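Worksheet for the structure shown next.
Which chain is which? They are A, B, C, D, E and F, in the order written, and residues in each are numbered from 1.
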Amino acid sequence: MGGYGDVQLLRDDGLRLDGRKLDEMREVQIEAGVLPAADGSAWVKHGLNVAVCAVYGPMEAHPRKIQRQDRAVIDLRYNMAPFSTSDRIRPGFNRRSREISKVTAEALESVVLVERYPRSKIRVEIEILSAEAGTRCVGITAASVALADAGIPMRDMIVGVASGKVEDTVVLDLDKAEDNYGQADLPMGILPTTEEIAFLQMDGDLSVEEFNLCMEYNMKAAKEIHEIQMDALRRRYESKNGGA
Amino acid sequence: MGGYGDVQLLRDDGLRLDGRKLDEMREVQIEAGVLPAADGSAWVKHGLNVAVCAVYGPMEAHPRKIQRQDRAVIDLRYNMAPFSTSDRIRPGFNRRSREISKVTAEALESVVLVERYPRSKIRVEIEILSAEAGTRCVGITAASVALADAGIPMRDMIVGVASGKVEDTVVLDLDKAEDNYGQADLPMGILPTTEEIAFLQMDGDLSVEEFNLCMEYNMKAAKEIHEIQMDALRRRYESKNGGA
Amino acid sequence: MGGYGDVQLLRDDGLRLDGRKLDEMREVQIEAGVLPAADGSAWVKHGLNVAVCAVYGPMEAHPRKIQRQDRAVIDLRYNMAPFSTSDRIRPGFNRRSREISKVTAEALESVVLVERYPRSKIRVEIEILSAEAGTRCVGITAASVALADAGIPMRDMIVGVASGKVEDTVVLDLDKAEDNYGQADLPMGILPTTEEIAFLQMDGDLSVEEFNLCMEYNMKAAKEIHEIQMDALRRRYESKNGGA
Amino acid sequence: MVEIVSNLLRQELANLAAADKRIDGRGRWESRDILLETDCLYNAEGSAKVTWGDTIVYAGVKFEVRAPWPDRPTQGSLMCGAELRPVAALKYEAGPPSPESIELGRVVDRGIRESGCIDMDSLCIIPGEKVLGVMIDIHVLSDQGNVFDASALAAIAALKTAIVPAERFDIGEDYPLQVQKTPTMCTFTRVGGRYVIDANVEEETGGEERVHITLAEEGHLHSLQKGLKGTLTPAEFAEILEVAQNRCAELAELVKSKEA
Amino acid sequence: MVEIVSNLLRQELANLAAADKRIDGRGRWESRDILLETDCLYNAEGSAKVTWGDTIVYAGVKFEVRAPWPDRPTQGSLMCGAELRPVAALKYEAGPPSPESIELGRVVDRGIRESGCIDMDSLCIIPGEKVLGVMIDIHVLSDQGNVFDASALAAIAALKTAIVPAERFDIGEDYPLQVQKTPTMCTFTRVGGRYVIDANVEEETGGEERVHITLAEEGHLHSLQKGLKGTLTPAEFAEILEVAQNRCAELAELVKSKEA
Amino acid sequence: MVEIVSNLLRQELANLAAADKRIDGRGRWESRDILLETDCLYNAEGSAKVTWGDTIVYAGVKFEVRAPWPDRPTQGSLMCGAELRPVAALKYEAGPPSPESIELGRVVDRGIRESGCIDMDSLCIIPGEKVLGVMIDIHVLSDQGNVFDASALAAIAALKTAIVPAERFDIGEDYPLQVQKTPTMCTFTRVGGRYVIDANVEEETGGEERVHITLAEEGHLHSLQKGLKGTLTPAEFAEILEVAQNRCAELAELVKSKEA
């Protein structure tokens, strides 16, 4: 986090620079089944972030050494397109994307019924086309819709959502300025039905009380985004089955 | 192409800077069987370009995933020696050499009777020792001699040859200055017997008429170079069989 | 070698800058069995150099293509920690460490009874934690103790030791200043019992006479270090068997 | 396995070709539907999304300020790269750029570069010190055939709608990038023995060599490339070049329809 | 094979947990013995060796003089990386950094960076021209469980005892690096269904997800990370956060005991 | 398979050695024919081709103008690298430099560098600003045994006939590079239990360790390297060192015969 004091992030009326209330999310739009070649896919626009996710599989896991005898592995790549950020990103995996790929795959393995597909792999490809703070969360939201679209059995969806702190104030769903100049960011992957946490990172500075408020905001937002996920899947199901 | 206007490339007498006529090739020398360890090999000097090619195989294709059930694959590397150009080239594959390797291999697969060797690979190693415009063509010319020297059955040879445009004039076989400051370059890989095109690239600016004249020049030159290829193979055959 | 004349390396009383005599080694300390997870391990402090070595195996060699039908291969890495030198070293293999790894592995293959373990590999990991001239020798000394600690049968130990030339004078065991500003360095891996040479490199400038004196110094020092190696193994054996 | 399917497919394609038909019912010189959207990516200075049948390609343009090459002190630079991301099809794997990705990027690059559509001198800020670098990245999200033409279209459309972020670089007010020509690509694939345009994924699987032709204003050729195993005759080339003339002109019109 | 052993182990760990026991007899919130040594590497400007049970980790600090980032002309930089060297366990292979190495380095890095323990402005030498870069390298020599906590401890201890080699850089006399806070990490691993601290190598093999919590002064959170397959509830998190408060304070005391 | 052939071969080589014979009829200290050509590559500033039996090696010298290292403001630099290209033998594969390539390049590099044959101060153009970098690239086209000696010979011959392209760098008129010594390498391979020089490919396959000795003027040693599995005694070393004295002197004469 860039730290407090550099830039004013809250207006005199208590609202945020883009007019949102402290516990107000950016707009989220989701569409399922956007990539014809994939077994499942999703497109998520969250604020100005855009993520697309494709799922291939389950299929035989190879090379052999990645196989697990008792379950499927999630072979996941989180990738930012070169033009997705203000400064162009050189193509190819970097340390940040490798770490996010690892913990995102582990979060999804926590909900996918991987035991049903021993020795298999499920390929999950997350492409960030436009980035404006919170892309790892948007990627998680997209991936769980794409998995569902692929018909992969899961015990719950996962919703990616973040809260944080700006000007000593806890806010939901940091945008780019708030991320750059804020004091803390707490991205989570939440199972909306059970409120379990499958993905958790945090950096910055939070007291225990502030942390608890962040968690509360995240739980609330997770349920809202979950509705949008389910709407997308419903529309997809209907269009597949001759609906609208 | 560097574009027109920078440098004078045609003399007042209508000849080119090195005294060649518009449709005149640089001198080409070819020798077959120059590398004792290889199954087939060739050395080609074309102007100031020097290419050496070794062929190994056919042999079992591995790793397995490159195997084709119904034919041999051509596993080809086009490589420029670090000292082959005016500015030293750092060793290792670069994007340019990867692309040339791909399309050169595909051109050779078009004439080699690859169906005779299912699940095999034929390794073709093209080394450019000295570069002075047109090395991809020289590499093709060398590779087809080396394949013939290795006794690999082909339905025809391939000859690499280029034409282009300088000072709005179509010329055959661009040298380095003409390549650097000219307006277009059309390298082709031609089957001299059937006039089929197995390799084709072009960049710059050509009208359809100019293109047609380039093609005509290339076809003519291909037949000349083909004679030199066959001479080299004849000499090689004779020396193998106790001749001079 | 940096060459003669830049820096004074011998004092007026004929001793070296750190007070050593011409044929005097830096202090050497060795401990065996320092890494609980490894099959064998050693820690060597030689002057200000610190090396740690772990041995894993013998185990099945894979990938398959590194297997030898009639013997074990030594799969060895010599690696300098980023903080081991005055200027930080970027992590990852470089050309120098690859070369040292190759010739060190080959030296160890000369004493390990590799024929006893066909199709196997023995992993040897040498980590240089602190470097002050002569790390490849320290690595060899450590590796042979670690191999012995792992119970791998060897026909002799190897001792790493170097002599060299500073100010036209042959000296034993160059330190950092002597290495930087000296005229020659002759690192050797010596079998202390038979005086065979298993590792040999040299750079700089030595006449045959100077070379011979270097060799004599190295042989003498090898026997001294060998005693320290055996002491370490003895202490390790005793502590394993309920001793002190 | 792959080979057997592909031989059956090859046979079927040959039968169809003999009857002057295509596997999806199209005519020989008939393209699938193309949807071109521009200005669709928030952080790109120019962007385009091409939905070409079931093939989906994004292109994004970014700028940077850099020092010119010593031998060309007044010229900016152009770079075009492509990634056949593993998202785009099961067959694409993660890892360093494949020969296929490299070829795609370089063929599109040459078509744009060689058309001279960007005046490199117009990218100079301070001669010998600062020039603009223009970077086009092609991101293939779904490969269901003919990614080359889709990529070339996305690239030129992104370029033609790009805004130079001059304010961000402290070199004046933002302005549209000047792009003087409209190079477009038409790819011909040999399917069942004859060439067609816009091969779909089955036609590519069961087809042979392909020829990529990039034309710009006045039907001039700016880039050619033959790919894959197979040969063609000069007469065949003359035939497809004529088809390309019409086709590229249509695609250029589509690009121009998106310009301000 | 590996899987079968691990299932048996998993069963045993579950049985032990049900009886409120651990496989090596420790209590749930009981750590193995920790030996912290500092100033132990000749060429490092700061160094620490942590022997944590049978896990051994070195950290070394090096400095460099570099140009500041254009947008932060008065700020130095911090970099923390980790290598799970093949020396550390049979399972680690040579090659490019594994996702495990990268995660370890980045989680430790964030804990230190986000605590604000180093005032980046204090690393400025000449604004806009020269700043100090601080580089912490973590070298895992033996992984017998809980390398995360051991690495974080080694890193902060190396940092807190580092001497800026100002003379070597011609910028004055050597001086101790100013480090204002003492971030430490406590990792919780789910073993047999419940969380424990300081899992050993068997508990890691048979366990599930883990949560890394980095706290500094006043018990503030500076870094969190959940790793591996598994989920936790907010109530579980609240419980381990409380344990972490005590544990991190103890570790911070250990670090402080080494300061001059 | 490979191993079995090599054991049969090893037996045959031992029998031959017992009878003081070699597999191709040469004497123990007898080399194959060597053909040295220089100035054979158009774009290299110095070049040599060595045909040594059926082994063929090219070396090319290029120069660059670069900034000196801060701690050596008046010194140029020398770099020597080698590539065992896949063209050279079936056993060589494409990919990043193999340990064999790296060793070859570094052993040749040390022989030249440590002989002091190039006065690094003579490569200074403007102290502290511009110096020359000399880059020798060794390109092995055919490996039929003893690439080390062939590479070292090609490298020094290319260097000794190199012309500094001063005009191209705008630093005066072209002039021959000053090379004051003539380091050459003699490699000994243990075949059938005893050392021979210039092992051919069968002797290398069935042989054991090898010792590379580089000597220059007055028979001084400048580089040694033992490679592969096997040991030697000091007495054996003394014997081969004496042979190397004569052999290297002969090779040096060959190089000098090519100088202007």
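Everything below uses one rule, namely that a residue touches a chain if its C-beta (ideal position, glycine included) is under 8 Å from a C-beta of that chain, and two chains touch if they have at least 3 such contacts.
Every value quoted in this text rests on a predicted model; they were computed, and no experiment measured them.
A.B. asks: Hey, what chains does chain B share as contacts with chain D?
C.D. replies: Under the touch definition, chain B and chain D have no mutual neighbours whatsoever.
A.B. asks: Any chance you could name the chains that touch chain D and chain F both?
C.D. replies: Both-contact set = B.
A.B. asks: Scan C-E, B-F or A-E for the interface that duplicates B-D, counting it as a duplicate when over half of the contact pairs agree by residue number.
C.D. replies: Most of the B-D contacts reappear at A-E.
A.B. asks: If you average the CA atoms of chain E and of chain F, how many Å lie between those two points?
C.D. replies: Distance between chain centres: 48 Å.
A.B. asks: How many angstrom lie between the CA centroids of chain C and chain F, rounded to a whole number?
C.D. replies: 26
A.B. asks: Counting only Cα atoms for the centres, state how far chain A is from chain D in Å.
C.D. replies: Each chain's C-alpha centroid was found; their separation is 31 Å.
A.B. asks: At least two other chains touched by the same residue of chain D: list those residues.
C.D. replies: 97
A.B. asks: What pattern do the touching chains form: line, ring, star, complete or other?
C.D. replies: Graph shape, chains as nodes and touching pairs as edges: a ring.
A.B. asks: Order of chains around the ring, counting from chain B in the direction of chain D?
C.D. replies: Listed around the ring from chain B, going to chain D first: B, D, A, E, C, F.
A.B. asks: Can you name the residues of chain F that touch chain B in the complex?
C.D. replies: For chain F paired with chain B, touching residues are 41-44, 47, 54, 56, 58, 60-62, 64, 81, 83, 85-90, 94, 96-97, 135, 137, 139, 141-144, 201.
A.B. asks: Touching chain F in the complex: which residues of chain C?
C.D. replies: Residues 1, 3, 68-70, 95-96, 98-99, 101-103, 106-107, 109-111, 114, 186, 191, 194-208, 211-212, 215, 219 of chain C touch chain F in their complex.
A.B. asks: Residues of chain B touching chain F in their complex?
C.D. replies: Chain B reaches chain F through residues 35-38, 48, 50, 52-54, 56, 59, 77, 79, 81-88, 91-93, 123, 125, 127, 129-132.
A.B. asks: Quick check on the complex: what are the chain D residues that touch chain B?
C.D. replies: 3-4, 7, 97, 99-100, 102-103, 105-106, 110, 113-116, 209, 211, 218-234, 237-238, 241
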